[in-house]
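Single-structure report; data block below.
The first chain written gets the first letter, and so on, giving A, B, C, D and E; residue counts start at 1 in each chain.
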Amino acid sequence: MSVSWFKYAAPMNFYPLAGKLIPVFWILAIGLTGFGLYWGFFQTPDVLSDQKQYYRIIFVHVAVSWMAMWLYGMMVFWGLVGLVFNTRLSFMMAQATSITGALMAFVALVSGAVWGKVSWGTWWDWDPRLTMMLILMFLYIGYIALHSAIDNSRRADQASAVLSLVGLAVVPIIYYSVNCPNPNECNSLHQESSFKGVESNILLGMLVTALGFWMYSFATILMRVRTIILERDINTKWVSKL
Amino acid sequence: MSLTVSNLQCTRGDRQLFSGLNLQLNPKQLLFLEGQNGSGKTTLIRTLCSLFIADKGEILWQGQPIKEHLEAYHRALFYLGHLNAIKGDLTTLENLRFNHTMSEQQSSDDELLDALERIGLFGYEDFPTRQLSQGQKRRVALARLLVNKSPLWILDEPFVALDIAAVELLQHIISQHIETGGMAILTTHQAVPLTKGKIQHLNLDDYAAESGMESYV
Amino acid sequence: MSLTVSNLQCTRGDRQLFSGLNLQLNPKQLLFLEGQNGSGKTTLIRTLCSLFIADKGEILWQGQPIKEHLEAYHRALFYLGHLNAIKGDLTTLENLRFNHTMSEQQSSDDELLDALERIGLFGYEDFPTRQLSQGQKRRVALARLLVNKSPLWILDEPFVALDIAAVELLQHIISQHIETGGMAILTTHQAVPLTKGKIQHLNLDDYAAESGMESYV
Amino acid sequence: MFNTFWMILKRDLKLALRRRSEVFTVLFFFIIVVSLFPLGVGFNEAMLQQIAPGVAWIAALLSSMLALERLFANDYVDGTLEQMLLTPQPLSMLVLAKMTAHWLLTGLPLILVAPVVGILYHLAPQTVITLMFMLLLGTPILSMIGAIGAALTLGLRGGGVLISLLILPLYIPVLIYGSSAITESTLQSGNIEPHIMLLSAFLLLSLIFSPWATASALKISLE
Amino acid sequence: MFNTFWMILKRDLKLALRRRSEVFTVLFFFIIVVSLFPLGVGFNEAMLQQIAPGVAWIAALLSSMLALERLFANDYVDGTLEQMLLTPQPLSMLVLAKMTAHWLLTGLPLILVAPVVGILYHLAPQTVITLMFMLLLGTPILSMIGAIGAALTLGLRGGGVLISLLILPLYIPVLIYGSSAITESTLQSGNIEPHIMLLSAFLLLSLIFSPWATASALKISLE
């Protein structure tokens, strides 16, 4: 088993495998997202507390926000694997993840802003959750900027992996400080669970959509990894044979 | 005490520079690295100093891979590349003293002053080095050789910018180092006769990769 | 067409480098500037290019003070110093084209490509120059000589970092320039035989100020 | 003459675009600085609206200034600048081309991103438009005055911080009129025409004098 | 070991003091930025008092950051850094020494000059003392986190602005607690102990991890 894992750590072997996986993830992504959105739009109540139809943005918004956070973790994970095992492929995964992640953060901000505009009448509010998402996007941008500023790909990979690790170490502190700028007023770290009181079929819609976005992320990340592999190995024999 | 390199292969960008390179350097030996511009001399030298990582191959110092015994290897190594590693705001003497002490070698200020005088910087001890000419800056960097006790010297084009007298002096210094049991690796495009000790030549053009783009002259 | 320098005196910091320096350069003549490290060759060259201002003395181009006819003088001048004046992010060809066009000379891209090939950079036309070796960078800078039509070349240590083949080529280029009626001023510490045209030597050590600190070797 | 201008401008833009990241860096620096303020001063909406013009302008000054350091420095260390001095081209054309490139790369993007400030600081659309217009008038001044400072500090150690000392005080008129115009525009009886006139006059003045001053400063620094 | 630390620290301080101007530049940058704000946002005393902590901290972040670019860059371009890598000295000692020098040259002076902020923004003496104390706790964190960014961006074009993209978001906790502590201290019932605890914990954390992270970053950048 472990043998085959290491086999696929080589870009040369991973490339065709990814090629085969991508359609699978696309199908799953379209299916799940489609079902989730269908569920969300047609199987849920028209009014949620004082919100009107607008609240249906939640199905995209929440899924995208979750993805933005999870993908950051995934990016750090791949970077760490790359630093420890010195595998090029993990770094490529990290790089591909960063772009999808930044995109997710951006869409989260935009969908949130649109939502805010229609429900609160303001595009933006300095609410801890929103602020945190903005900072998360800055962290992604820093990662991407550093990676693209270095031409030596090995250095670019390692340097941005270190940056993401440092980021991961500081993120909890940022999170705490943003949520609780004045520690005197914070009784505990835990906020009210946002799931509380959400109707279960709304939750179902959200979860299925989120799963669909996971699949979408996998598909785009794999596609991006394939182009990265091609760019980097352009001069090798196996690529010229393609 | 010996430096052994086996089956080394280096790539810059996406060009393979050389592969299958072997060499063995023993005390009292001097190695001349040769090759046309862009053949990879600087890259090889930096690889030997652990400043650049090779794709393949091993570098052994006293039979042990340098990667795993970096500290010991660095203690035995003196490297000087294209850059002089001197601070324009410090004086000649301060520069020498700092660089020398950092490599964990002790010399009194008198010895250092003496070295500066021998290398032709008498009267410049208290000059900030930014006020020196190209060749004088190079001399400040090279003055370390006069007080250095490391067995292995790796020098990348050490003769550049030096005038004729200084080139001769440096030749003499290197010869003496070899004679007293040291080893040295040099690159240079200038023809410099070095007569003492056993001299090896390694021409990187011979190790150039067959495939891929090549440099023409 | 001639360059005349009379009674030039230069000071760096508070050291007088040389004084009472006279020289006359006519077409088909080559001037070798000599002198030990720190004798003031670079300073003299920069003074001749109007990049450094002398304490005393005059520099005349075609009988007229260069200070007052800077534009005409600059049109006639090609200078290359220690720095290569190339941008690491531009390709070899882009660098050559930009520098060449800035000096108001026109050449087609074919001529430029041809120059690059002759100087030994065939296959590197589209390389960003930051990825070149020391000697290759120098070659990019020197490629301008192959397409340059200025009568007066002033080169500060042009042979540095070049390999043997390139040094020969450059010698050939300079000889040809002299032969076809050009003038050149060079400094170099390497012994390079240049056989064509009339060769003058000027040793700056002879003009060193008597008083004040001197450098010893 | 104009040939030189185009050549240098084209080269500078090409160099910047070779590292696409660089253009975005200045932009994101601006956005990050703007979004740090609420974290530092609190989220009171009325207060944020009140400080927004000042904050936006100060962030603009700083972003413009940060990129200044490299305006001539890169060309200086690699010898390009001394080569340019030795060409028959007039130095003020060179300088003008470099200023233009600097503005296109650091001034223009700020104008385009100004609506973000509007969102973060709850500004009315009308105010955002005024902000953008004032930035359009003011940022070229920043580039032009900044170039003088960059030329004067060329090759000095600690250039970056030093420039800011020389230049920030000179930026004050732009800061004052730039931000007071925006505050004014939020008032019912607001009339920002005088602000526009003053900034335009300042712009014209710098357009006339700064290439010349920068060229002299360059000559001094290069000797 | 400690020898290395002292040697590098001494050298860095000596280098800085050879150009005395450099120490003052960072200081004046801080003062200028702080004094630009009232010009941009208006002179309402209550508002100035309210924004003072945030402004002081943001000016501190920026000053600290501006000097960061040169933390390793000078040693990098002249080859000193690669020489240091080839000495038997542990890299983390080098890094620690450089961080210390950076703090002594850019953090400490800010603390000493903090009373100026107090005067410009009409702060009570008690508030100024809190500000100074918080700066004392917070500025070393800035130097330490900043060093990681400086090491990562070593030798990259546009290093200065790039560092800010990487580092400014990481400075946020310092900014938030640093300024909210000061606001808190102006309240009757204010209790800044938790702020101090949190910043101290952060300081400790960076003291443990940042030399190590910076050393790895340096190794990566130098290869």
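Criterion: contacts are C-beta pairs under 8 Å (C-beta built on N, C-alpha and C of every residue); 3 or more make two chains touch, one makes a residue touch a chain.
Worth saying up front: this structure is predicted, and the values here are computed from it rather than measured.
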Would you mind checking the shortest number of contact hops between subunit C and subunit D? 1
Based on C-beta pairs in contact, work out which chain pair has the most and send it over. D-E
Name the chain whose C-alpha centroid is most distant from the C-alpha centroid of subunit E. C
Longest centre-to-centre distance from subunit D, chain (CA-based): B
Between subunit D and subunit E, what distance separates the C-alpha centroids? Give it in angstrom. 25
Any idea how many Å lie between the Cα centroids of subunit A and subunit E? 32
Suppose each chain is reduced to the average of its Cα coordinates; what separation in Å results between subunit C and subunit E? 46
Between the Cα centroids of subunit A and subunit B the separation in whole angstrom comes to 49
Taking each residue of subunit D in turn, which ones touch at least two of the other chains? 19, 21-22, 25, 28, 32, 39, 74, 157
Scan subunit B for residues touching two or more other chains and write them down. 82, 89
Would you pick out the residues of subunit A that each touch at least 2 other chains? 138, 141, 145, 149, 178, 181
Touching residues (chain side subunit C, partner subunit B) in the complex: 12-13, 35-38, 40, 42, 82, 117, 120-124, 131-136, 138-139, 157, 160-167, 189-190, 213-217
Report the residues of subunit E in contact with subunit B in the complex, numbered from low to high. 4, 7, 11, 14-15, 18-19, 74, 77-80, 82-89, 222-223
Touching residues of subunit D toward subunit E in the complex: what are they? 19, 21-22, 25-26, 28-29, 32-33, 36-37, 39-42, 47, 50-51, 53-55, 57-58, 61-63, 66-67, 69-70, 74, 157-158, 160-162, 164-165, 168-169, 172, 175-176, 179, 183
Name, in rising order, each residue of subunit B that touches subunit E in their complex. 49-53, 71-72, 74-75, 77, 79, 81-90, 94, 98-99, 101-104, 128
Help me check something: in the complex, which residues belonging to subunit A touch subunit E? 135, 138-139, 141-142, 145-146, 149-150, 154-155, 158-159, 162-163, 165-167, 169-170, 173-174, 176-178, 181-184
